[in-house]
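Consider the two complexes below, in which subunit A is the common component and subunit B and subunit C are the respective partners.
Now for the complex of A and B:
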């Protein structure tokens, strides 16, 4: 049955043919096409006009919004790590020592499988200034409720909090998997020696979990730098939140392309952002290797 | 004990601890206190995870009058359970649901198949260019999605001989306005190829060669011998891809803004937000979100164990 149809020599190429075709049409061609377009002015209706490096020059030297979005994107990516990673670590540690981990896991991973539109709409109600659940709760405590989504100084922080809420389950699962690999005899030995739970966490868990922590930080940073669907849906009808305070570079590119039809400049933004992410990733990969992490 | 010394000297450390006389027990208050603290912490966190969902359900149950009252009513006194039915006639939820299911299943099937084929070829054959191709699939993973948004849109738009286009890609609309625009760009996952290669590497070559000696062809070896052995890997990848693409919004929104018939659940609900600007109608919008979230939550609860494996499979090994 089926024998003789395919020689052993030809087989790998038959298996790889779909991938090679896909790579040409949906990877190589787009990467080159975007690079070419970034050197032109193109409104997608009339033919592109060659402008050399002028789009890049405009972004680096003239455009005040571009650099602002870069800083705001860095703020978003770093902020969600600074808040999210320690939180996930502590929750995973508590979770791994609890009696019913299954129940907790279900509750903590629910946001992971909820689509981003639902998440954003849920929080657009929770964050409402006058009658949102969060400000009602703060009111019960006698605290003033700020305009989470309308105050420019809070808008990006609100997006960070939602992102942390979404990602907590994933990070917690990764940490829990790392925790399982720690030999329990370390804990037993340290406990016999009179170490408190805090000492176990601080002196055994954290050092031995370093590879997982670095993995979570690096992948989290890349996704944070590239992410903007949340802000797109959380601040609808605005140019990236109140006074553009939640405008990230990705969303800036998206609006430039699909609303202003400036395909050339938008492609240049995409490539500059890509370069930034790449440099940051390479730096972090070096750190990971030094931290003894096996990277695929 | 300096923390840097622990990983390297842990066995010696353990031996030293056992030899220590007399062994000091942790005080009882510490153990009790910490388990209470652990529980409180987990419960508090769980509340933060779940309350936003409940807030949405409460919102969906409010009457227009309760929403417009000053101050607005939080706990609905006359819960509008009918809202969950009304949304199906108010917006094309069933259509969106069918689109989501069809597109997501098609993408999942394609990605699993292409990943298995490529992973098998890269793991179990020797041929010139193999290492180069493998390195390409690794390098391709570094390219973020936003690089492809603009070029994909126009490649699909000007795809030759499709959707009324001539050989030069002019005259029609290409793949835009068809399901292919939602599926084709996601037919292959570089990460999935890497993952499946890992699974196929674990199969001994002798097993496949034995089948070949018995006269089995290469297709037989792949489909009937190798694939069944990596069933767990296929399921892991399938679940991960399914949940990821069920929730995909950005690309689908970009290509279906002007094609309402192709919109998926999240995209449809998002793009219809203008209809629910009026405060009185917001309960229906919230009901739609609840209805759109529920099916995937139920699937998740059923398959949770396997999904967890799929999330952690790509992380740190060893």
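Now for the complex of A and C:
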């Protein structure tokens, strides 16, 4: 038995065994268990009771909050990408052509290593309606001061802006790494042909960065779809901001599971969210999979 | 011979060890209180250990927000504490799942004899008492005396119409039209929206839920009127989402319906000016008998505990005043937090040395005006749904009647789930 494990053929499997076991216990089994639980009603205190597809039916047909959270989550995920990705790309491109790119990169990655509670606290002072820094500034200009964190129509936008600020450093680093992979001779050749900085960015940087852009967009979208930590600390004590305007599906699922003890329904939400993320990711891969220098 | 001697010695040692193991008992007590808050109780645990050799009492502190999850996780893992200090609204689910142990008859008799009748309801589900009421949270109108005086009023409002008039005069807005000082405030949490609403319903003489917990009174004319009146405060610019109950401590709120447990925070904020600044009055009401709501935490024992008798004995110990005119250990802890227990002897002792703030809240309990929050099925989920629709009415997105009708429909579906 032991000699069989020591053969050359078995060696890779022996080395892989720990990670395979880890994945089995902490990924495969929970995923399968959640699939089963989503077809039951279970409060985690008493045995699960089989209800078939009733949890999914409730979410799709009865629950007035679920679809609202889905739209709000999509708004958050896409809003963060629409504002954050171009911003990070432009910043990374600008820094790559600056005199001290390392200094700038270090400065811009500071939000990434800042504790999220501290971030939320700082922005709560910035966004406060009555005496926040932003509204004070708007007041100096004679403008009204909206309730950035208390007005339901602005709450999610405020969360997006903070999230973009938090993620800017991460995305910028990824783009910076991608930019370093681009052969400088392309830029030199284009410059000799009279290309402006905008043309260099538009016709060399962006096309050759498509794999990095794809990675940033896909991972950013996936994390945005399941994200709610910032909302918990930015709108403390609420159930997802004023009038639940910043309630994401992830947080709603958490409330179902651990506050309402509706593990079955929460598992169904997890699977619906998984399906949405999977479809959206496949679409993004389809739209953006071709990229890089090999295309040309 | 030597071998025999060693054998006999080993046998004696094993027997002694087994005996000691049989005697050694550990009681694990789980609460959400911080080390500072729970200090009087820890001292009491030490005293109990000294009086009961072989018994060890361990305290497990878990944040309030994680408490229910911790119970669930520990039970799944087979490491459940023996004693819980749980919020009363969690009890229906915990009891239905067999998590809690029914108190023995002598404990039931002792609780019934020692606790204020209006507090027993907080620990009772369908006629069954599940534990010992402890931290009482009673709602009343809390007001800033100085802001009222500055607005020309020396007495708090008795009706909602008076409240609205006073609040209007207190309210101040800045150049951008945002409220600097709110005449009235609500809070951002579920409880800070729902509990004042329930309190006003009790004051109007209508319980929010039927006595059997199987239907609501949320579409009653009283409920609709109360929510409409609340929404009018937002529409009139007397309050807003930005002016919350937390702002009371900074002197930016004139009035709010709040619970007594806020006292310690306000004492810290106002210092020596506390008594001259913070006033307490009954919940204003335009019709009905008057009254308010209270909720409670309760001491309960886990059904899987292997030291149930010892656990109940410990609970009786920490909830019994050790001498005439003294507070029980739980009472000491509550007093330190500016809170109250339901223990009649503790309440009598606290009343003897109470300030105006405490006396106003205690009177709501001892007079029977305070009614316990209904321990309905899925109470926290129900409250969250209701809070969502209250928000809709406050923001003007839905008329109060429509919001409450929608809340009623969703909540009724949940109440219909119960066995």
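Note that in this section the second predicted complex is superposed on the first by the 262 of 296 C-alpha atoms of A that agree within 3 Å, B and C clash if a C-alpha of one lies under 4 Å from a C-alpha of the other, contacts with A are read in each partner's own complex, and residues count from 1 in each chain.
The rule we apply is simple: a contact is a pair of C-beta atoms (placed from the backbone, for glycine too) under 8 Å apart; a residue touches a chain by one contact, two chains touch by 3 or more.
All values derive from a computational prediction rather than experimental measurement.
Partners subunit B and subunit C, brought together by superposition on subunit A, clash.
Look at A:258: by the touch rule set out above, it reaches both subunit B and subunit C.
In the superposition on chain A, A:145 makes contact with subunit C only, while subunit B stays out of contact range. Considering which of subunit B and subunit C touches more of subunit A, the answer is B.
Look at A:195: by the touch rule set out above, it reaches subunit B but stays clear of subunit C.
When the shared chain is aligned, subunit B comes close enough to touch A:95, but subunit C does not.
By the touch criterion defined above, A:107 reaches subunit B but does not reach subunit C. Within the superposed three-chain model, A:46 lies in touch with subunit C and out of touch with subunit B [touch as defined at top].
Once both structures are laid onto chain A, the subunit C stretch out of 19-27, 37-45, 73-81 or 289-297 that overlaps subunit B is 73-81. Taken together, the two structures place residues 44, 130, 236, 258 of subunit A in contact with subunit B in one case and with subunit C in the other. Of all residues in subunit C, those touching subunit A in their complex are 68-69, 72, 75-76, 93-94, 96-99, 174-180, 187-190, 192, 240-243, 378, 380-381, 384, 387-388, 391-392, 395, 397, 406, 410. Those residues of subunit A that touch subunit C in the shared complex are 43-46, 64-65, 128-130, 135, 138-139, 143-145, 147, 150-152, 235-239, 242-244, 255, 258-262.
Listed in rising order, the residues of subunit A touching subunit B in the complex are 1-9, 11-16, 18-19, 22-23, 25-27, 29-31, 33-34, 37, 44, 90-91, 94-95, 97-98, 104-118, 121-123, 125-126, 130-131, 133, 136, 165, 168-170, 173-174, 177-178, 181, 183, 185-186, 188-197, 202-204, 206-208, 211-212, 215, 222, 226, 229, 232-233, 236, 250, 253-254, 257-258, 263, 266-267, 270-271, 273-274, 277-278, 281, 293-294, 296. On the subunit B side of its complex with subunit A, the touching residues are 1, 3-4, 6-7, 10, 13-14, 17-18, 20, 23-26, 30-31, 34-35, 38-39, 41-42, 45-46, 48-53, 55-56, 59, 71-72, 74, 114, 117-118, 120-122, 125, 127, 130, 133, 136-138, 140, 142-152, 154-155, 184-185, 187-188, 193-194, 212, 215-220, 222-223, 243, 246-247, 249-250, 254, 265-267, 269-270, 273, 285-286, 289, 292-293, 296-297, 300-301, 304, 307-308, 311-312, 315-318.
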